[in-house]
Every structure is written in structure tokens, then in C-alpha cells.
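Take this structure first; my questions come after.
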Amino acid sequence: MQRIGVFVCHCGSNIAATVDVKKVAEMALHEPGVVHAEDYAYMCSEAGQELIHKAIKEKHLTGLVVCSCSPRMHETTFRNAAERAGLNPYMVEIANIREHCSWIHKDVEEATEKAVILMRAAVAKVNLNAPLKPGESRVTKRALVIGGGIAGIQTALDIAEAGYPVDIVEKTPSIGGRMSQLDKTFPTLDCSSCILTPKMGEVNAHPLINIYTYSEVESVSGFVGDFTVEIRKKARSVDMDKCTGCGLCQEKCPSKKTPSEFNRGLSTRSAIYTPFAQAVPNVPVIDRDACIKFKTGKCGICSKVCQAGAIDYDQIDQIVTEKYGAIVVATGFDMIKLDKYDEYAYSQSKDVITSLELERIMNAAGPTGGHLERLSDGKAPKEIVFIQCVGSRCSDDRGKSYCSKVCCMYTAKHAMLIRDKYPDTNVTVFYIDVRTPGKNFDEFYRRAVEDYGVNYIKGQVGKVIPQPDGKLLVQGADLIDNKQILKEADMVVLAAAIEPNPDVRKIATMLTASIDTNNFLTEAHAKLRPVESPTAGIFLSGVCQGPKDIPETVSQAGAAAVKAIGLLAKDKLLTNPCTAHSDELMCNGCSQCANVCPYGAITYEDKEVNDHGIRETRRIAVVNDALCQGCGACTVTCPSGAMDLQGFSNRQILAEVDAICR
Amino acid sequence: MQELINRAKELLADGTVARVLGWKAGDLPYNPEPAYFEKEEDFADFVYNGFCGANLSKYMIEASKLEGKTLVCLKPCDTYSFQELMKEHRVDREKAYIIGVGCKGKLDIEKIKAMGIKGIKSISGAEIEDEAETLTINTIYGEKTCSYADAMLERCHVCKGKDHMIFDEVIGESKETKDADRFAEVEKIEAMSPEEKFAFFQKELSKCIRCNACRNVCPACSCRKCVFDSNKFDSAQKANVDSFEEKMFHIIRAFHVAGRCTDCGECSRVCPQGIPLHLFNRKFIKDINELYGEYQAGADLEPRTPLTNYEFEDVEPGIVAERG
Amino acid sequence: MYKIAKENLTALFQKIAAEQELYLPVKTAGQVNFGVWTEDAEVDLDTLKSVKSPKDVFFPQSETLYTCIRDGKKIKIEPEALKEQNFVVFGMKACDVKGVEVLDRVFLVDPLDTFYAARRDHGTIVALACHEPEETCFCKVFGVDAADPSAADVATWLIGDELYWKALTEKGEALTEAVKDLLTEDGAAEETVEKEKEAIRGIVEQLPYTNLSLDGWNGDVLMEKFEDPLWDELYKPCLACGTCTFVCPTCQCYDIKDYDAGKNGVQRYRCWDSCMYSDFTMMAHGNNRKSQKERFRQRFMHKLVYYPANNDGMYSCVGCGRCVEKCPASLNIVKVIKAFQKQGGEQ
Amino acid sequence: MSIEKNEEFRPKIVAFCCNWCSYAGADLAGSSRMSYSADVKIIRVPCSCRVNPMFILRAFERGADGVIMCGCHPGDCHYTSGNFYARRRMTLLFSMLDYIGVENGRTRVEWVSAAEGAKFSQTMHEFVDKIAALGKNVRLEDLRCRN
Amino acid sequence: MKTEKNRAELIKEISGVNPLKCMKCGKCSASCPSYNEMDIKPHQFVSYVINEDIESLVNSKSLWKCLSCFACVERCPRDVKPGKLIDAARQIVVRERGNTYLDPDEIPELIDPDTPQQLLVSAFRRYRR
């Protein structure tokens, strides 16, 4: 039998004004197991905790019920107070008589009646509580960063600088990500690769950073501090150790017709290729779908020309298994597909392009060598129309409900760069709103309008109609002048919405990290824990969490790194003791519980049991305490009730039900 | 039947199996019992006829613990149960040599008796080889006849089909017996008003004596210790003291096997009070089919059942009220 | 001897029920069991055997013994009242009446079971002869005469369109007196009934189990039977359900349990238990019958050896045949008796 | 309980709330002072998937007139998939209760996020009204517990 | 006479549109083939409804210049669909002209027994939304 103390908090007048706290304390004394009850103005105060301490010592209490605010508020406070007085912290239960009672009821009698019932339920539960002890799990002092864009690069560098080894897994043959595709960056207009390339080099050279390019995460198991990750290193067909990066193979490769991913399909590349000149590592891969050798068995030119003998057609995918303490997701974004926006004629005209395509066209290393020209006829455009919010801020299923955040700024950048380089080219921007919150952002936009003469029209484009003469007829609205505009343009640039990399779904599932309806990874708390996933040990860096520009991405990457470092700095983690356990005398070993466990925490063992004198070997479910997060899915799946959850046991919950219905 | 016996003896003799699990003739024409046969001479009593309704797959839980293989005779519907038990690691496939036996529908002595036939001395027409559509029943009150189909168990009228889901070999012919809609009875109840539904089940369940026959015969109810026998939920009960306990027991019994119940019909067959217990299980099956897609427990070895699986787009529980 | 026309039975039941509770075979959802008579109850006197034996009229499946109510820090105990009203059980068969006798020897000896005793005191048994015994019946083996339920308070016979009525005890006389205005005296009744009895006995002789021999079960056979290896095989099909024990007219085991009814206190009640259940007589240290074989053996050893040893050789089986009909695995006491016989024959 | 109100029917309602969303939603309803009936008593569970159908039947057995279960919105489960399992379990259970003639509406599932204090309060209002309209639960109670 | 508030509500009810979702992008006006004929432009329709100035709407030329081509309905990124608002405003005019629409209870008396049932159904669909 427990010896329970009940403490009723007034919370100043927050509770005491609507609940007769004296009455609750008095009624508590009638409950089974209760040996002590008192009320106090602020139980959470030093003095209040002292009362608890004293009562535990003097009355030899084995359990506590605190009738106060929500357990989400002060459960930890009271558990710590109990622990200081020598009581197991899990012998404390909270009756929430503030948020769930005094604050929502006006009638004192009614509120008191309810408070008494809530107190009874808590007492009934504590009567069945058992002391629980958190387990410990070790921390592997190594971090994994998924994605090698600027977010992943920055996170990896920061973690490595703190002294912890980091692995980066990048799906494509080179790190660099979207930023490497950009020409200039706003609002300073400095060259993107000029600021990115040194960072890529730094990552490559860092002794604590190991890069797996052309690789993907295959599976993730384990838990915070102790993840086991399988990484698939796709067959590169080139020996990384031998290759000198001379580039001869690419030059000689006869298969040159594959659209270049890096140039968004605006140019072609060879079958053996590095995505771009500054690629890290500077080791090509063979695209086996395009390679003549792989398709026909003949050719082998690259192998012949390679003096280092680095070409290896027999390479196969390799699975590397590594252990990590923390995982940072930095999977970035892509542009949405525009096949649902037929009115903008993207698929009909080569001269309707996305901004990322424009980015490549403007780039000196791009398909046109940095000359602004129409892809249809190579002529210089004289009239360019930018259309904003293509697929952003949509409430239908064609686009995304959110604002992509970066388009307003990069459009201003593009407009300005064009006007600067080609002063006789007119630039018109159709916009809904221009959003420029950020340091020096609005100034930047105003410069485009005021100094560079970019024509901003408030209104959306309804339709782009390709004309027989190759021009594009843009039909838009000017909402300020209240007129419809028909404008002939040579080129139309669409600010397509950005969306999380489609692979993130698969990765989130492996990590059991939650994602929102737009496939952005969910943060543990929108304001207070913005770089952590609700799943412990998983951190978020960059656009995978939500649209961001480069400075924001870099700062979030740093924040994610700090959180990861904070975790890696610990030697051991305490685990939640409210975990599931199976009663080995009752377990059938039927595996149903493992089917519903989201954490893979349940395994089966053949175990010798002594069931009231019957000795036999049985298949029995075993829960890994460190993996179990205590959701209880298994406990309901288990028909016999062999599986139960500590801290929320069947009998505890039933006792609460009974107390409430009494 | 002779072919079955010969084959069983052969497998026993060559050591493939250590024992045979089949049926032994009873002392009345209609009460054969599940039995093990280990020696050649035991087979004198071996029987397989229309009254061998028992689903032997559940006995394989115990048989799986024995040394050597057990030859088990499984009717088409029993093989679903066997696969479901395999899925749950309750039987060992390696310990079983499955002979799929043919089935022409199994008989229900209660149905024969309900026709007013009593004092039964012998029954002919129930043999598996018989082509007869009619049973001839010799009683101390004279000779009676009834059609085979009329004497069949309810489950055979809504048979899932005569294909064995798992077997090492099949012996004997089967004959299709399905002639009714599996969910017709459930639909009839669904169409009732809440008051009628309540009255119907109240009346049926009031007969329940909590003998646990339905549970203990059920291949899906294979818990070592049933929740109704343990103190895990303070739910141990040996009697229905209040009518609530009747409902509690039968709802939870059916819920615990929902998605795993193969609809083998043993619960209804064995109920001494003739409660149509399959109406509970079949309601769940019907709901699962309608809400989560057609599903037949035991038809495959996929580990996830409808209740240990989900889809993002699943219907909300509010559907129940909407269907009304 | 009296008689009453079949068509007037409803009037008879009304008359009895006006004064006291009346239990009789009632059909609910297709099954016949003993239940309280009401105007809309479907009385069924044609079905030979109720699914459950009528023993629950005297020994209900569950009954509260007392209630503990918490009063502050004190506990108040309120015993359940004993049966105080008279009642009538109509339509019990000879075997079931004999079953009551078996129960009496358990509950009415020292220490007296007051709950049972009160019911026995207030109950009047009106028995009905078995006009069409069935193949599962073997009451004759245990000395029961299906044609003449003479151990009841009133014996009745349904012959043609008449129910013949014969009071056998004081209680029976009293009941007869109470309903006398519905009954008519019939001089020829004795003869009609005698003829019917002979007919019934004739049928009984034809039943397959009638000549089942109990040789080998009487005398000092406890250890011999207990240790017989035959049990190792016999129990195997048993599913460990409680059907046999719950339909049986003589099974008398019960368990005592508590139900926490919240504000209404904790009710201590007893309910039928079954020796087939794995937690039968479970104690803190475990179970003294660990295997189903032991539990299965217990049931038959009790019926055929332990009970007779304590009760002047009276078996605690009355041959009603309910277990023969209802066992899901087609096991029953007859098969057990026969198995031992067969084995005996071979030895 | 000595504080007795005899007159009108006061339903007993048990609400199971998951710790991460709905319990927090109820807290928010509280801190926003969005009142709802005192007849609702909340039991905190880690996740809606912790709610065993036996808990719900137990509540009815003990005289509850309505049982509502609240969890995170589908897709938002703290444990990723708990509420999906709960959703199937409850759908089937509710359907069965309907099938045996228990009045529709005595049970309900509502997904309430931690931000939806107003929805929590509104849901409880609706539910209490529904139960009040249905009246006392007599089809699933254990008479021994009736008071 | 109905109040402007009621009429605005009615437009919302008939069209099923929530005008508050509009983000004033003007794509409707940009798409409209009858734009130049209109006195109140498609995107303005939305704010007229929001501002409950239905009288101006029902008296506008635009109401009868709209071709119901539904380009705006197709392209509206916010599910506001001015075309539907216009359609609803037209219905208001039609209904107000004939006082009110039919009450289902009155119908049996009014129907010519030879009227095809399909006609009735489609009439209901149009006028009783």
C-alpha cells in the first residue's frame, strides 16, 4: 500500500478563486492510500517545494499527487523536488486543476467537484505507480549530414571544427548543391561559386570530414546517440584513388548527348562526366544508362585514354555501414514541375524558362557561355517578362500553399543584372506582392526600380501565347491602372515555386522524422526548437525545413551543427523510462506488436521460462528500452495484455477511468 | 478416406512423420473427435466424414512442440487458419506435413436435431465418398431423411472456396457448397434500428454461459493467457454477472481477432447455446473489406494485418455515424 | 392423481406465478433453458433437455455473497440476503432431480451452504417424465428412471392432451392445494401413467448407452485409475473450455471473486468454475494441476471415484448426456468409461 | 461525493487525450479561458494509440455516458503512426458498438492539435450536447455500478 | 428587399466561394477575354462581394459581359473563382426578378405531368443550390 501525499496548489488566485482548494485537500484524505494532504499558495515556489520535501520526510510518503497546473508545465519541477527528498521521481502524478478546471469553469461548486474527481483519478493512478529508473545509452561521437549543398557543407564544417568526425552523404557526383548552379547572389551580387568553391575545398580537405558522393542513405536504425546507417555508394565506375581529375576521359567520350542535370537540361554532357568544373571530388562518374560500353559492350575509350588506369567498369554498388550519434538532414530543394501551368506555355516555347534556367544562362560556365540569348533562335531578347509566384501561394492542388520566399529577391537580382549588362533590353516584372524582409533587401529591390528602370506591374499574368513569329504574347493585368495588358516579349521567366527534394519523404520515413503536408521536415517546436526534428537526434538544416535564402540557410546550418555538437559532447544519454515491457509468461511471440512499433524497438528471443512450474522455451517479445519511445501502440495490439507500458499501464489508466466514473 | 489412410500409414512407416492428426470415430454416428494416430493399428478408428468439422490447425500449436513432424489433415478453410498461425509464429511449418483433405461441406448435428430428429442410431450419406444429396437417419423413432445441404453448418453455405492455401499434398475431391451471401446476415442486422439491434444481441448474448468454447476452439484466439483469464486489465471473469460482461467479452473477443479471423466458423459451431458468434467476427471482416480494402486473413503470409497497418487516407471513425 | 388439459397449462402457470416465482423451460433465441415464467415467455416442454441443467435455480451461475462499502477510512460489510420467497421449478427431468440430490450432498452437509439451503427450502420441484428419451441419454446407468421422477415434490406426465399430476411430498401437496381448482381428479390416471411409464422404459432399453457398464469404477480403485496411462491419450482433443461443466447438472465447483462497483462498494460473489480451466484452484504458488491432462482427469475422477468414495458409492454423474451433446471436441464421460472398459477387456 | 446536484441529467464524459497534441490543446483551451462543460474529465495518455478499446468499454461499464478520444491530426503523430492505428481501431470499435445497438454518438474521435484550443473547447461543447441529448447510457453500463 | 449583407452571403452560398481567400493577384483579370467590355473587372468582383456592395454588381454591365468561359475559374490560384461569383450574382438577379425561387413543397401542384423528370432535376440543380 502506498503512502500518498496530496498537495493542492492555489496558484495565487488562478486556482483558488474557482476551486475550493481546502475542500479538495480535505476530500483527498478520504482516498485510499492518502496519508497527507495540504494546500498552499504556490506549490511550484521554493517554499512550496519545501513543503513537499518536509512531508515526504516526515510522513514517509511513497507517492505524490500535486493538484496544480498542467503536467506539461511543472511535472518536471515536482519530479525533481520529489527526487531531492529521496522519492523516485516517477512516483509523482499531477492533477491538472488549472488548465483543465479552474480556468475554464466559473461555478465554484462545479469546479471544486471536478477538481476532486481529477485529484481522485491521480491518486488512483499513483496507487499503482512503481518507481522507474531511466536507462542510459552511449553516444557515438560521429555525425552524419545528409545532403552536400551549402546547408550540409556548413553544418559539416561547424561540427568538424568542434572536433567531431562528420560524414556527408550526397546523392549526386559532387557536393555543392543548388548554390553551385547560381550565378550571382543577392543582395550583394557577388559570384556564387566564388564564395562556395572555397567552402567545398575546405570540406574536402578537412581531416574530420568524410564525403560520400554519388551515395544514398539506404537504411537507418537505432536511436539518438546510436544510429546505425547503411550508405549505398553507387558504382562510380571510376577509381576515386587513382583518378587525377585530368578530364581527358570526358573530352574523348563519344557519348555526349545526355542532357546536363547541372545546366537544367539546357546543354548536354558526356556519359563519363563531372557535373561541373569545380566539382568536389573532382572525379567523374560513368552514367551507365548513357555509356556505350555499358549499353553495347563496345567502346571503352575512356579506359584507353586514362593514364591513371582509374576506369573500372566492374565496380558495383557498395553498402557501407556506419554508426552515428547525430544525423543532420540537409536535403534541400528543387523547383516544382510546371506541367500543370500550361497557360504559361513552358512546355510549348523554349523561350519560356524558369529562373534557375536563367541562372544557368547568365552564368559564364553555362550553356550559352554567359550570353543572354533566346534558346530558340539564339537572338538577344529585347523584351523580357518575369512572372512571379508561379505555383507559390496557391490553394489548389496545382501549386504550393506557401511563399517560396526567395523569388522576389532573385527576380530583382536577375532584372538588375540584365538591365546592367544589356541596357537596351526592357524588363517587366508582374508581381502580386514584393516581399523583401531582410537586411538590405528592400534597398536592393528599390535599386532595381529606381536605378535600373525595371518595370514592376502589380498584377498577375493570365496567359502566355506563343506567336508564329517566335514572339511571346503576354496577357496580364495591371491592377493599379485597372487595365488589361497585352505585351509582346522575347523571353518569359517564371519564378517557379521551390519544393523540398522529393527524396526527403523516403529519408524522413527511415529516420521516423515527421514531415508536413508540403513535405517539409517538421521542427520540434516552431519557435523554440526550430532546428531539431521531434525525433531525438535528428537535426534540420536548410530548405528541407522550409524555404530559405543563403544567409538564412547558413545560419540555420550553424544552429543545427551546434545542436548536434551539444549531443555529441555528451558521453551518455538518459532514456525515458516510460517504455513498454512484455510479460514473458504471457507473451505469445506472435509478432503483432513488432508490426506496429514505429521504432523497431521490439525483437523476439527464444527464451527459457518457468511458467508456474512449467519450464519451456518460448518465443518472446523483448523491448529495447533505448529505442522504445513509449507510445503504447504495441500494448493495444497485444491481445493478451502481455505488453504493457510503464508509467501508463493498463491498470493505471483503468484506475483513472474508474475514479472518474465513480 | 481409404486413400488418406493409406498415405498416412505410408508416411508414418517411412518416418516422414511421427504421428498423424486426424479424426477418430465416435461412439455415436456424429461425434468423431480430433485424435493422434501413431501406430498402424490405430487407424482402425480413423474417420473422415461430414461430421469432421473440427479445425485441426489449432491443435498444431501443441503438435509443433512435439518431436518430429505431424501429419495434419486440413480442410480448405482450415488452411487459412494454419497460415495465420504461421504468420504469428504459433505453429511451425517445418513440424507439419499438411494433407489438404477434400470437403463437401460439413454437417451440423444441431441442425438435424432442430428438425425434430432424435434418438439417432445411425446416419448414412455423411461419408466423404458418398455422392448422396440426402442423409438417411435411422432413429429409435423411425427412419428420417433430410437433405445434406439443409444439415450443413452455416459456414459451409458461405464457403470461401475449396482451394487449400497451404499443403504438402491434397487428397480427396471437394464440392462447392457456397449458396448464400456471406454478409447477408450482417447486412440484415445493420439495417435494423438501434433498438432492434440492441434487442437482438441482448437476447442472443443472454444465453452465453461463458464456457469459453468459442474462444478455446478459435485458432486466432491462441493467447497463452487470455486477457479474460488474467489480471492485466482487471478483466478476469468466469461468469457474466451483469449483461455488460456478455457484451464486453464478445466485443473484445471479436476485436482481438479482427483482421486475423479467417471466418472459419468454429466459434458458432461449438457454441452450446447456438449463439451466432460469427456475426461479430463477420461484421469486422465486412467493415475491413469496405473501409480498408478486401482482405482475407490467412490467404497469404504477409505479416501486417488490417489492424497493424494503415493508410494516410483511411476513413475517420466518424464514418460510423455518417453511415448511420 | 390429478390431470389438467394441456391447453390449460398457461392458466396453471399464471396461477402459480401469481403467488411465487416460477422457473420452467423457456426458449430464447432458439435455445431452451430454465428461466422465469412471464406472460410473453415461450415455454417449451417438448425439448427434452435444456441446454444448461436447471441446477442454477438452486445454485446460480453467479451470486453475490456480501458487499464491502468504504465509509471514510472504515469498511462496512453488508451480507447478501438469503432467498426468502417460495418458488417452483416446473419441468425438471428425473436426471436433473437426481443432480440436485448430488448437489445436496455437497452443499447441505456441514458446513451448510446457507445460500443453497435457503433456495432448497423455498423451492418446490415439479418434475416431468421423459417421454422421448434420446440417444445421448444414459440415466439408467446411474439408477435414474426417466419414466418416473419420483424424487421430486410433484411428478407429472404429458400424455396426449393431458398433463397428469401427482404430488409426492408435503411441498408437493401444498402446491397441489394451491392450484387445485385447475386440476381434475382422474380415477383412470394411474393406469394411463403406468402404461406410459412402461413405454418410456421400453424406449430407454433401446438407447445405445443404456447398458454401459460401470464395472471397474466401484471399490478402492483410486490410485489404479489415477495413474492409468490412458489419461495421456484421452485428454488430447480437450480444448479446456468449460462447456461440459457448465451444462452439467452435478458440477458444483465455484470460484469466489470480487467486483469493484465503485460507489456501490466491492461485491464479493461466487460463480461457477470449471476444473477444465487452467486457473482452476490456482493459488499464489501456482497451480497444483499444471497440465490439461491433470485437469481433464480431475473431472472424471471426481465424478466416478472421489465423489462416490465420500458419498456411499453414489456417482456424481446422472447420465443426462448434456456433455455428450455439447462438447466441442466430442469428448464426454461415456467415451472415458468406454475407453477404460476397452482397455480392461484387452488386459 | 457530497456536492450533489439532483435536478437535470449531468453526463459523465471521459476524454482520452494524447500527451503531445490534444492534451496540450486542452491546456491551451484552459489558458485561453475557453470554457466547456465540467462534465468532461481528461485522461492523459502518451498517444491515441495507447487507448485500448477495453478502456472505452470499461468507462461505459462504470457508468460513463460518453467517451471521446483526441489525438494529433493524422500525419502529425509525435510517434509518426500511432494515431493511424488508433484511427482504424476506433473506427472498427465504433462500428461494432453501433452494430450491437449502442446509440450512435456516444463515442467520438477528434484530432486536436496543440494549437487548437478553440477546437478542443468547441468539440467538447458539441460532444456534451450530443450526450445530453442521448441521455443516460443504459445499454453498456454494468448495473452493479449504477448509482 | 434583402439587405446587402444577406445578398453577399447568398452569393457566397450559391458560389461556394470564400472571397477572403483572394490575394489580389489579378490573374482573373489577366485571363479575361471580356475584360475591356467590363465596367467592374473580374478581380474587383471579389472586393465588391467582400465589401457587400451587391447593388453595384447586379447593376453592372460586367454581369452580362462575362462569357462564362471560366478561364478565371481554371487559373485562380486561390480557389476564389470570380466566374462563379459572377454566376451567383446573375442568379440573384434572376431570383429577385421572380421574387424567390421555388419551394419544393409547391412543386407537385405546379408540375405538368408530362414534364420530363430530368428537366426538374436540372432546374433544381441550377436554382436551388
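The letters A, B, C, D and E name the chains in turn, as written, and every chain counts its residues from 1.
Note that in this section a residue touches a chain if its C-beta (ideal position, glycine included) is under 8 Å from a C-beta of that chain, and two chains touch if they have at least 3 such contacts.
These figures come from a predicted structure and were not determined experimentally.
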item	value
Number of steps on the shortest touching-chain route linking subunit C and subunit E	2
Set of chains adjacent to subunit B and to subunit E	A
Chain whose Cα mean lies nearest the overall Cα mean	D
Distance-maximising chain from subunit A - centres being C-alpha averages	C
Remotest chain, subunit E as reference, centres from CA atoms	C
Pair with more cross-chain C-beta pairs in contact, given A-E and B-D	B-D
Centre-to-centre distance between subunit D and subunit C (centres being mean Cα positions), rounded to whole Å	46
Centre distance in Å when subunit A and subunit D are each reduced to the mean of their C-alpha atoms	33
Rounded Å distance between subunit A and subunit C, as computed from the means of their C-alpha atoms	70
Touching two or more other chains - residue numbers and ranges from subunit A	596, 637, 650, 654, 658, 661-662
Residues of subunit D whose C-beta touches two or more other chains	52-54, 58, 62-63, 75, 81, 85, 89, 142, 144-145
Contacts with 2+ other chains: residues of subunit B	225, 227, 233-234, 241, 307-309
Pairs of chains satisfying the touch condition	A-B, A-C, A-D, A-E, B-C, B-D, C-D
Residues of subunit E defined as touching subunit A within the complex	21, 23-32, 35-36, 41, 43-44, 71, 75-79
Contact footprint of subunit C on subunit A as seen in their complex	30, 32, 612-614, 658, 661-662
Contact footprint of subunit B on subunit C as seen in their complex	28-31, 33, 48, 51-52, 61-62, 132-136, 203, 206-209, 233, 236-237, 239-243, 245-247, 255, 257, 259-260, 269, 271-274, 277-279, 324, 326, 328-331, 334-335, 338
Touching residues (chain side subunit A, partner subunit E) in the complex	343, 389, 393-396, 398-399, 432-433, 458-463, 475-479, 482, 484-485
Touching residues on subunit D, where the partner in the complex is subunit B	52-54, 57-58, 60-61, 74-75, 81, 84-85, 87-105, 107-109, 139-144
